[in-house]
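Below, chain A partners chain B and then partners chain C, in two separate complexes.
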Partner chain A sequence: MRDNYKGYLFILPAFLMLLVILGFPAVAAVLQSFNLMWVSKPAFTLRAYTALAQDPEFLRSLSNTVLFVVVVVSSHLVIGLGVALLLNMEVRFKWLWRVVAILPWTMPDVIGGLVWRFMFDTLPGIVNSVLLRTGLSAEPVDWLGQPDLAFGAVMLAESWRGYPYAMLILLAGLQSIPRQQYEAAELDGCSAFQKFLFVTVPNLKHMFIIALVLDTIWESRLFGMVFSMTGGGPGYSTQILTLLSYKQYFQFFNVSYGASMAVVLATVLFFISLPYLRMSMRQQL
Partner chain B sequence: MRKPTSIWVFIYGALAVMFLYNLTPFFWMVVSSFKTEIEIVNYPATFLPEEFTTAAYEKMWLQEGFILYFKNSLIVSLSTAFLSSLVGIFAGYGFSRFRFKGRLALMTAFLATQMIPGVLLVGPYFKMMTIAGLYDTLFGLILAQTSITLPFSVWMIKGYMDTVPMEIDQAAEVDGASRLQTMFLCIVPLVLPGLVATTIFAFLLSWGDLLWALCLISNPLKQTMTLGITQLVGQFRVYWSEIMAATVIASIIPATLYLVLQRYLVQGFTEAAVKE
Partner chain C sequence: MLDSFSKRVISCLGAAAVAGAIAGVPAAAPAADVTITYSDWQLAQDIWGKSLRDAFAEFEKQNPGIKVATEPVALAQRDVKFTTAIRAGAGPDVFALDANPVKQYIAEGWVKDLTPFIDKEGGKKYLEDFYARALDPVTEGGKVFGIPKNIVAMVMVYNEPMFKDAGIAKVPETWDDFRAAMKKLTKATKPGGPVDQWGWTIVAAKAGFDLRFSAILRGFGGDFLTPDFKKSALDTPQAKEAFKYVVDMIHEDKSMPPGVAQVDANAARRMLANKQIAVKIGTTWSLPEVSGMNPNLDGWKVLKMAHIPQKVVDDKSVRSTLYQKSLFMNPNTKNPEAAWKLIKFMAEQKQMQKWFDDNLMLSARKSVNTTYKPIVDSPYAVTVTNEIDRAAFLPLIPKWPEILETFRTNLQDAIAKTKAPEAALANAHNQINAILARP
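What follows is the complex of A and B.
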């Protein structure tokens, strides 16, 4: 149509909002990390970044984040694929299984963190109660008080809460596989496992990558769950980058330092999201 | 196709494991919220309340702050959902119906903003709000959350509008309707179910937020639900039964809405990539 220029007008309000509320703060954060904005004497410096490289708390938070994301996202994909395969079958009470399968994801992450914190509570928690009553452990275990156990507990909690997201994406992928391909495979005498390997896997690859990328981004940005479950402790054993950046910025007022951590995180996420962005764009052409 | 019994045993066994895994935390949350203050601190914990009581709910609900948190969360989430859908309708229509220069680049930019971590933005945004005099106001929080939900609302609404044939726009144009009239009177009614889904998603994202409320609100009377509940933990004379009652209340709305909406769930977050 001739009035294509009007498209700009329709997009303008959203564009302006994003520019002011997302674009400007993003640029400001980068400038702050180089000590160029909202300081009495702006002067370009890399001090924040060089300090990062020598800060054991930052390095630990960075490695925590990587380990956390790798473990949690892999578990989401494994559990998610398993449950998606189950829900894709002709089972009875399908709606009930579907509803239950989605439930963990409906819980806001902050709330999930609180519930799991109480589950792992040393004395009145359910985990120690089960261990004691089944005779697996006579002494109550201080789950959230010991660095390695606490980190494991947080990863377990987020594995539980977040997997339905990956599951739903994979389920959509499974449902879009044409039945004829399975029927053809059956005619060729394929076993159930061969059908999975030669029909399901290649068809699901695309959605699997989408689930992988999107879930990685969600989990790298996670904040509320860890904040409410351990607050990063004990020490900084469960601290992830988002939490440390928040603390530096809002609790210790190391503005430039806190910003530099967020910039590092955002840069990594940008590169991770590139394949997804490219894929989405190709579909729009 | 017929499957042997052993396979069915395995399938239903696996479903039962999933059932237990998914529901245990919910079970624990609900059960604990009905325990007395004495039972909730007992070791080892009981699996079902020995003495069933709603005292924790009454105490939470009667606490003056809690109703306020609930109200604030509703105000913020509803406004965020409404605002991001309204602005999203315009942008979604723009992307769906017009072929202008830089369209693809703009759409990519919108999508890319979703990848930015909140911690990068929240610091400078806090500073901006302080300068603008909007720090510690629900309005400032609503603006922030709207921009977080907006890109995804735009993509979702655009996706729904793409399913409406262009002939409808052309027919409306022949009848002399302006673009705005076409959008509101012809296209919006046709994508209404999708629009409702989008609005509810934005509501839920906003409802579950902690980071923005934590950084932009300091007045206890303006705290949202998630923020208010996290601050209860560790306070003197606040028992876990009460916190669990609060988490039950905070979880009911999202759980209900998600379940109502479940068939739109995937579309929402993968709209861009799922389409064939």
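What follows is the complex of A and C.
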């Protein structure tokens, strides 16, 4: 009993720190969304939440976010799996390829957004420069000025920057598959594709779910890449929820409204993370 | 009874006092230095930052015991940083703001009422040297919350040799002449090559949009809001004409470079510096900034300034927008007296003269603009000073940042052709009215 008490004492500082760092902002955001904290006239109201349901800009940003997350996370899983399979093969300079493959992940998202923005710049951008020089286009393409092109460009940029995260998770999964299973499949006369389908895929199922859930959460919270690349424009075409929340909170000073968007997003992400939490708790038991 | 630790502390202090006296140091400690923090987006810029640091060095010399610690902040992050810090009971003691967000800062209590400090300096007498309109953005309910430092009006900045090369003998004064001139300036500089020179560009990205587009709108006799700031004024014929004029110059005339939706104030400066465009909307600060971007341009020689075109020549109505930088005190400051000394020092005539010498920025004090010889002798300063009376501030209401962004977003939709210009403007009009109707 006395030892248990000591154990709790040891984890107390870390627990308190987590409570302050993670708990306080979360509680503050909830209180602000109900107009109870850091506002000029505090008074409980649900006005921010009722306004959300009727705000076309919020609904547009929500649908943008869903489309963005679906496309980007899918591309991360496909590219990540492909690169993980390649890096799992016996090749020369394997360490070098691994370093190269992980490089996009090391780039801060704001910097990544700026780099892609310069690449897609209408006049001095390298993409237009190549298109014009090779004759593939007669005049500069306004990549970030046309809604569909801008959304595509942002998704392409984030697909590039974020795939190593899924790749690392899946590579760890590939390396944990027992070699004997492949040897048994070979003895049974399986082709390479059949080995992938009947050995690799079933063994990667858990890692796949982990990558899917964590990457979905990560991409739903993304801010810097889109902010620095398009700022949400042109119009509202690349505006995702995090950008709208930022705008309402910091640019328009609508504290309650901005906080309510953050609370809605956090609630949705909590439910998305449930399969992962259930799976990891089952493994611990 | 004192314990042994207390006795040791007392004996050490005693020994230190004796040692100090022996060394000729007064036994009483000198007044502790006060450090005032100052934050300003211009600290992060080379030329402006140097001017500010020079001023602080002078201030520290004149006020021994007060140190100034600078806290540069990016313009885009300024309000994020200030408002978060001030809400949390922290933040810089003194900071600078342009006119746009000031009313919101006042409404939320994020700036200190300076009226008691001003009263000690003579009240109305202290303020009478400032332009009356310069006090509008910083005054609310008879209380003064900030001290204006610089004020300028937006004008047309153009490259004179490029005008001559295009056969434009006279600077356009009407929008019809302006449109014809911009078409003439748009061309391929290499025979048979693609178009690589355009007449001008608007700023359609966020940074710098407010001051530039509003000047065009006002040049047409329109405005964003009704004079009482209660309704949108975007349904007026003038606003409709201005909006369509700009969109047509992008789509039909193609007299602006492609990609205009991403052009911010800095990109426009760069295009003017590289002779990709011949005209932009700017003010006195354009000269040092554009010249600094491309010294080969010889900007101080080739760049000229003229007023914003209008529908009819000699029309006396408002045709431009005012920019103002003012200084504010944080309500959380622990050293209000020292902070006020710094604000007062920065708003002195001498400092404002230096600000013109270094950065070509006009003063919010009438006496500086009308008597300081370098200002009186500068053709740029004269052009801009004359426009101060023909210009107005952007709407001084807390909802202005949201209204402006709503308008800009709809303009971008029109530029991207996702909405017809008329539909985009009508949408902006309705959205702005909805924002204004909100409690």
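Note that in this section the second predicted complex is superposed on the first by the 275 of 285 C-alpha atoms of A that agree within 3 Å, B and C clash if a C-alpha of one lies under 4 Å from a C-alpha of the other, contacts with A are read in each partner's own complex, and residues count from 1 in each chain.
The rule is short, and it goes like this: contacts are C-beta pairs under 8 Å (C-beta built on N, C-alpha and C of every residue); 3 or more make two chains touch, one makes a residue touch a chain.
Please read all numbers here as calculations on a predicted model, not as lab measurements.
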item: Combined model on chain A: chain C and chain B, fit or clash; value: clash
item: Chain B versus chain C as contact partner of A:L114, first or second or both or neither; value: first
item: Partner chain in contact with A:L123 - chain B first, chain C second, else both or neither; value: both
item: Which superposed partner A:K247 touches (first chain B, second chain C, both, neither); value: second
item: Partner chain in contact with A:I217 - chain B first, chain C second, else both or neither; value: first
item: Contacts of A:W38 with chain B and chain C, given as first, second, both or neither; value: both
item: Which of chain B and chain C A:F58 touches, first, second, both or neither; value: neither
item: Superposition-derived comparison: chain B or chain C, residues of chain A touched; value: B
item: Touching partner for A:S237 - first (chain B), second (chain C), both, neither; value: second
item: Partner chain in contact with A:L171 - chain B first, chain C second, else both or neither; value: first
item: Which of chain B and chain C A:P140 touches, first, second, both or neither; value: both
item: Chain B and chain C footprints on chain A, overlapping residues; value: 38, 117, 121, 123, 132, 140, 250
item: Interfacial residue positions of chain B with respect to chain A in the complex; value: 1, 11-12, 14-15, 18-19, 21-26, 28-29, 32, 40-47, 87-88, 90-91, 93-95, 97-100, 103-104, 106-108, 110-113, 115-128, 143-144, 146-148, 150-151, 154, 169-170, 173, 179, 183, 207-211, 214-215, 226, 229-230, 233, 240, 243-244, 247, 250-251, 254-255, 257-259, 262, 265-266, 269-270, 272-276
item: Footprint of chain A on chain C - complex, ascending; value: 79-80, 83-84, 87, 101, 104, 107-109, 194, 205-206, 257-262, 276, 398-399, 401-402, 405, 409-410, 412-413, 415-416, 418
item: Of all residues in chain A, those that touch chain B in their complex; value: 1, 3-11, 13-15, 17-18, 20-26, 28-29, 32, 38, 82-83, 86, 89, 91, 97-112, 114-119, 121, 123-126, 128-129, 132-133, 140, 160, 165, 168-169, 171-172, 176, 186, 206-207, 210, 214, 217, 220-221, 223-224, 227-228, 241-242, 245-246, 249-250, 255, 258-259, 261-263, 265-266, 269-270, 272-273, 276-277, 279-281, 283-285
item: In the complex, chain A residues that touch chain C; value: 38, 40, 117, 121-123, 132, 139-140, 142, 144-147, 231, 233-237, 247, 250-254
